[in-house]
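Given below, in the form of structure tokens, are the structures.
Shared between the two complexes below is subunit A, which has subunit B as its partner in the first and subunit C in the second.
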Partner chain A sequence: MLSEKAIKQVDEIIARYPAKRSAVMPALYIAQMEFGWLTPEAIEAVSEATGVPKATVKGVATFYAMYKHKPIGRHLIQLCTNVSCMIFGAERLVDIIKNKYGLEAGGTTADGRFSLVIMECIGACGTAPAMLVDTDFHENLTEENIVKILENYK
Partner chain B sequence: METILLKNIENPNSADIDEYIKAGGYRSLQKAIEMQPKAIIDEVKKSGLRGRGGAGFPTGMKWTFASSDPKTPRYLLCNADEGEPGTFKDRPILEKNPHLLIEGMAIAGYAIGAEYGYIYLRGEYPGAKDILDTAIRQAYDRGLLGDNILGRAVRFHLSVHQGAGAYICGEETALIESLEGERGQPRIKPPFPVNVGAWSKPTVINNVETLSNIPYIIETGAEAYSKIGSRDCPGPKLYCVSGHVERPGVYELPMGINLRDIIYTHAGGIRGGEKLKAVIPGGVSTPILPPDKIDCPMDFVNMPKHGSMLGSGAVMVFDDTVCLVKVCYRALRFFDHESCGKCTPCREGTGWLSNILGRIEHGKGRDGDIELLLDVAGNMLGKTFCPLGDGAASVVQNFIRHFRPEFEGHIRDAGCRLQN
Partner chain C sequence: MITVTINGKDIKLEKPVTILEAARTAGIEIPTLCYHESLELYGGCRLCLVEVEKMPKLQTACTLYVTDGMVVRTESEQIADARRGILEFLLINHPLDCPYCDKAGECDLQDLVEKYGPTAGRFAEGKRKHPESFDDPIIVRNMERCVMCTRCVRMCDGVQGDSAIAVTNRGSHSFIEPFSGGRYNCEYCGNCLTVCPVGAIMSRLHRHSYRAWLVETEVNTVCSYCGVGCSMVIQVRNNSINRVVPRFGLGINNGLLCVRGRFGYDYVGNEQRIKSPLVKKGGKLEPVTWNEAFNTVADRLKALRERYGGSALAGIASGRCTNEENYVFQKLMRCGLGTNNIDSSARLGYSGAQRYLENIFGQGVTANPIYGIANSEAILIVGGDPTAINPILGLQIRTASRNGARVITIGYAPGLERFNSIGLKPRIFTEGILLSGILCEILKIKPFTGENQTLESVIKGLSLRPAREIAEICRLAEDDIRKAAEAICNVSSISIVIGQDIIQRSNGNRNLFMLSSIGYMLNARMTLLSERPNEQGTIDMGCLPDMLPGGRPLEIETFRKRYEGLAGTEIPSGPGLTLMEMVEAAEAGQIKAMYIMGENPVFNLPDSNAVKKALGSLEFLVVQDIFLSETAKIADVVLPALAWSEKEGTYTNLERRMQHVRRAVDIQGMEDWRIISEIGKRLEVSMPYNSSEDIMAEMVRVSPLHTGLTYEDVDKGNALWPYKGEPLRAEMPSLSLSDENIIADKGKLYLMVRRPLFHSGTLSRRSYALNNICSEPYLRISRAVAERLSVKDGDVLKVSTVKGSLQVKTKVDISLNDSAVLLTNNFEGMGAFSLLGYKLDPVTKAPGIEGTEVTIEKGKPR
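So, the complex of A and B:
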């Protein structure tokens, strides 16, 4: 079940569209916030709140790269390695994160602090390489500054 | 040139409604709702504005198609799913000039008779989501959105629909599927969205930059607007330059400016005086150009005559330290990841292209691999459900067309000389 506040939020979102089903994606984001990731209970809660069958909700959730299907760390590092970031050494940044935190792409640190996801272009090509940490953009990354930036996330 | 799309963005509070109004904002909306909807569409038609998302379709014509379809209600969608690698041109509008977009949408909604609009925003722009939500709330509070816009019987409601990391949703019918709460897979066309779009109703889908041109067109008139840029493609254009230039960034310049001028005059030339090796002029899907082919006017009409496309105006510059086999491989890994899986040529083709390029890049290329790449690409081109597969195939064809010796060298030397 979603919290009362979340259900109210979903109802407000439903009112924006001519069909309830359009609220599935926004409701998945809300459920992800509430449950931490899209647990079977979260999928069920979205299904209840939107009236869309569970299997359909799951089908939608698994199509999109930014929904989480397993627990993630307290902070989510989304590092771009697409062309404009790659030519400025984004792959070396992946290695630095791995060496410093023992963190592989798609994984989470043992202490639950960080998860790492490799992204496909986050629209920061003019200030490459770049990453999102949670909802913060960090651009013009270097081998020197990336760890300093990440150390601000406890 | 006076800036139209990036006006005032140096102002740290440019996203605030008071700052926008102080700079003359929302005057066009006032002017527009005193006009007949058809007169607005005629003005947009006369302006010559073409869609800035990549296809360059005449905006006024699109609006005519939707508004002359008797089915109601009609919908207005803004495509803010800017995901073409190399592209970051809409981000400054979304983050720093959101009211320009909102004003453009309110005018467009009134013109085509749509009472509901949605901004389909990519999930990778969480900052822009908050900024747009705030800006929309401000516009409602001032009576610039809602049931009685500026005290008139004009109704337009607007909200943001957040995507979740699917490049394919930039394709307009996939975007509609996603808005309707489905997996983002494209629909067959025809029927086109202008007749059968969101919730099967007439729907106009315009790019962020396209809609942001509307207030200026209404304010200054089509004639003045059409004097900016090139004759067949008027108006200002946002070019976003990345890679090995001295000054990467988003530049608002007249449409049709020479690609060489963008790189050497505006973006300051190649970093550290290195030698230019190649340019991708319009985002990763557009054909790559060697240095002797970059004297071309950057617009929708002229770029195809010069062997490429304007695309999203995302200029990606590579100096001669870059391994283009590696770039090509990275681009195909992207397409493989983003293929929606609906049609076989794209789903299988992007995977095979990526695999073959991967083995060439990693020193395990075989004799005949280049021919195999071209064979696979040839079997995709024109046979996929939507342009994603075409884009992937054409990337491989054009990299090989212009830089074949580099691919041959990788196979012969079992690896890359540039990366030791």
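So, the complex of A and C:
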């Protein structure tokens, strides 16, 4: 079950649309924040909160790449390795993260601190390389400053 | 008028339809995979691509509507190329395992590839692996064979309304899955199996034993489970049922079935079937010859009649037997044993309620076509969940809801919770009061018409309380009551669906009066839910203590004389006892012998321990059944009958439509009617029948309702009785609301019967399939009660009432009222009726089972 606060948020979103099902996707984000990732319980909670059948909610949740379907660390690093970032050395950054934290792309550190996802373009080609940590945007990354940035996330 | 040219042929159409439909009306075939006439359009498989002049690209015929002057070609080199290409794509991941796929021989993909397909694929990347799922006891999913047509999902969402499965994941990784990823946990209607064009969703029950080309015969028949009477086709191989399937375009169910109909038929093949007649010798039932059994029954009944008179004998007919059998049964009782003590389990709700409504409105008032429900603009549902009791009827309500009808449910109806516009859950046992409040609000909006002055004067004489007061009693929002009344007032076509829960009350007649009044004020169609396939038939065949065949009142001399003249025997003129009265009379020693056909009163009647004692005290008890039921076990003679798939006859469904039940397999044994005829002959009753058709021929002479009817008419679908509007017995009810007895529920819990989707009782619990879907009963409790007792799903609880106690697992049911707990009456030794007392409704004579307090405590794990 969602927390009271989350249910209130979902209800507010439902009220914005003519059909309740329109609230499924934002509700999934809310549930993801509460549960950490979209556990079966999280999907059931969304189903209960929106009145949309749970199989249908699961169908929606699994269609989109940015919902999380397995446990992730406390902080999610989303690093771009597309053309501009690659040219500016993003792949070396991947190595640094691997060496420093033992973190492979797609994996989570043993202490549950970080998860790393390699992103397609995040629209920061002019200030490449770039990454997202949780919802914070970081650009002009270098081999020096990336660890410093990451050390701010405990 | 629209003219469209397809393959050079001009087709004239009244209204725009899709190219596919236009082509089909002209007999032009266009291949399809994802298209299905019962489902929402999808346009996903791209196999129906056609050329449309002036359109640069190929178009999907299933989604493009024709316009005037459109020129279409359905076959060309370009089209064949496209279809070949699509099929090549569909086969990239397909395992090509036709030799051991059950779908082979009736697989759309196989047929299409044979016709259009590539002889070899060019994709060498290797196939996607997705192991076949055996997590479910009934349904096997093989997602390697799936072509992603989504017919199953559209069936589940848009027709069945269960939404149990969905497309999961994306693109070439997508597959169809229930929420759990394994077990289905759905309504198990199996309608996804019917629409799957390939071997992706298959039944486990006949896995590797079904081959389309090995089916020897197909028999059109009617389902044996509930009062809807769905048409089905029994596919027979080696004189046994291989599979049961529905057919689109056939019957009232039009291609749909429910879990009981589709999977529950296998009880007929259960090893526990009684194979020989049994007679109690030295306290034990011993096998005997048919002749000995017949002579024992005839001699004993004759002796008991001579000693005590006909009024000491009684018979229980069966809503599971055919019309013909029930007709012969009442003839045996009336003419052979000289008694009118005949009734059936229809008394538990259906027959008493129908009689009540017919006395006000006339014969056939509840005989309304089921499809009419789907076309209603508003539907009021009271006293049961139609999606569980009569599932295919329940689907009509879901359809109506999708079409924008206002659906108002009163009480427990979890299957309609996503489909109702207003769901009223009044405090326990106050549904009748709520109805009176709705009536009061309706009277403020609708004027009297003067059509039925007697009824109007009764309504006017009531001191109805307004919504404000009712809301307090029922613990509802005043506004909701008013809204419900308004919702059903302002429409032109309304249906009222009535379930057993409000009939099985000691004041059930009052609930029925309120519904009659609402129905009258709104000119509504009324439908009674029916748990047996032929409850209506028992009524029409005269298996009632005061009615002769054709629904003719016994007390009217002209009817009785006519019956006696045709039968050649005098019959008693006074009415006999109703079902529960018979049991009470047996207990009191007034009934000495009973003949029970196809019924299990020791389990199926409330206060069943007392019923067992009463029937056990009889001097002579004959039970005719297919299984050694709880009742058969205490009988003096047990006569093994044939099951529904083994005999010919007719059933009359709840819309009063007579339908043909056909023999699918030949089994050594005797039909119920043959057994009764043999006994009848020994009691000097004229029973010269060689077939069920002979009985029908006699019955149509006796019953004015069926005059001139033949099996041919039945087969043509002409045997449906419309509303005649003439009450044969004008008994206007009188009632006052001053003595309303409201059961206080403060902190107390009350046990009620749950009528589930997966089981019906004596038969279903012997179905392998249904037992695999649902193997044990659960006590349903509300969330509040669960929290109070701090129990969770699966905990074993001890449930006790004054009548006894049971240990049963629990399940929290969010649809439940706080003070009600529900238990089914399906599983041996675990029936709710063993814990429930009853008080007869003085008018309908249905047992009122309300008001049994129950205590719940944590039990020991079994």
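In the analysis below, the second predicted complex is superposed on the first by the 154 of 154 C-alpha atoms of A that agree within 3 Å, B and C clash if a C-alpha of one lies under 4 Å from a C-alpha of the other, contacts with A are read in each partner's own complex, and residues count from 1 in each chain.
The working rule: contacts are C-beta pairs under 8 Å (C-beta built on N, C-alpha and C of every residue); 3 or more make two chains touch, one makes a residue touch a chain.
The structure presented is a predicted model; accordingly, all values stated were derived computationally and were not measured.
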Partner chain in contact with A:Ile149 - subunit B first, subunit C second, else both or neither: neither
More residues of subunit A in touch with subunit C or with subunit B? B
So, A:Ile7: does it touch subunit B (first), subunit C (second), both, or neither? neither
Please work out whether A:Gly51 is in contact with subunit B alone, subunit C alone, both, or neither, and reply first, second, both or neither. second
Could you look at A:Gly59 and tell me whether it touches subunit B, subunit C, both or neither (first, second, both, neither)? both
According to the stated criteria, A:Arg16 is in contact with first (subunit B), second (subunit C), both, or neither; which is it? first
Partner chain(s) touched by A:Tyr67 [first = subunit B, second = subunit C, both, neither]: first
After lining up the shared chain so the two structures overlap, which partner does A:Ala128 touch, if you call subunit B first and subunit C second: first, second, both or neither? first
Contact residues of subunit A, present in both the subunit B and the subunit C interface: 59, 63-65
Which part of subunit B faces subunit A closely enough to touch in the complex? 73, 82-88, 90-91, 116, 118, 122-127, 157, 159, 161-167, 178-184, 199, 240-244, 248-250, 280, 284, 314, 316, 318, 322, 326-327, 330-331, 334, 337-338, 340
Subunit A residues touching subunit B in their complex are 16, 18-19, 21-26, 28-29, 50, 52, 59-60, 63-67, 78, 81-84, 86-87, 119-128, 132, 135, 137
Which part of subunit C faces subunit A closely enough to touch in the complex? 157, 162-170, 177-180, 418
For the complex, give me every residue of subunit A touching subunit C. 40, 43-44, 51, 53-56, 58-59, 62-65
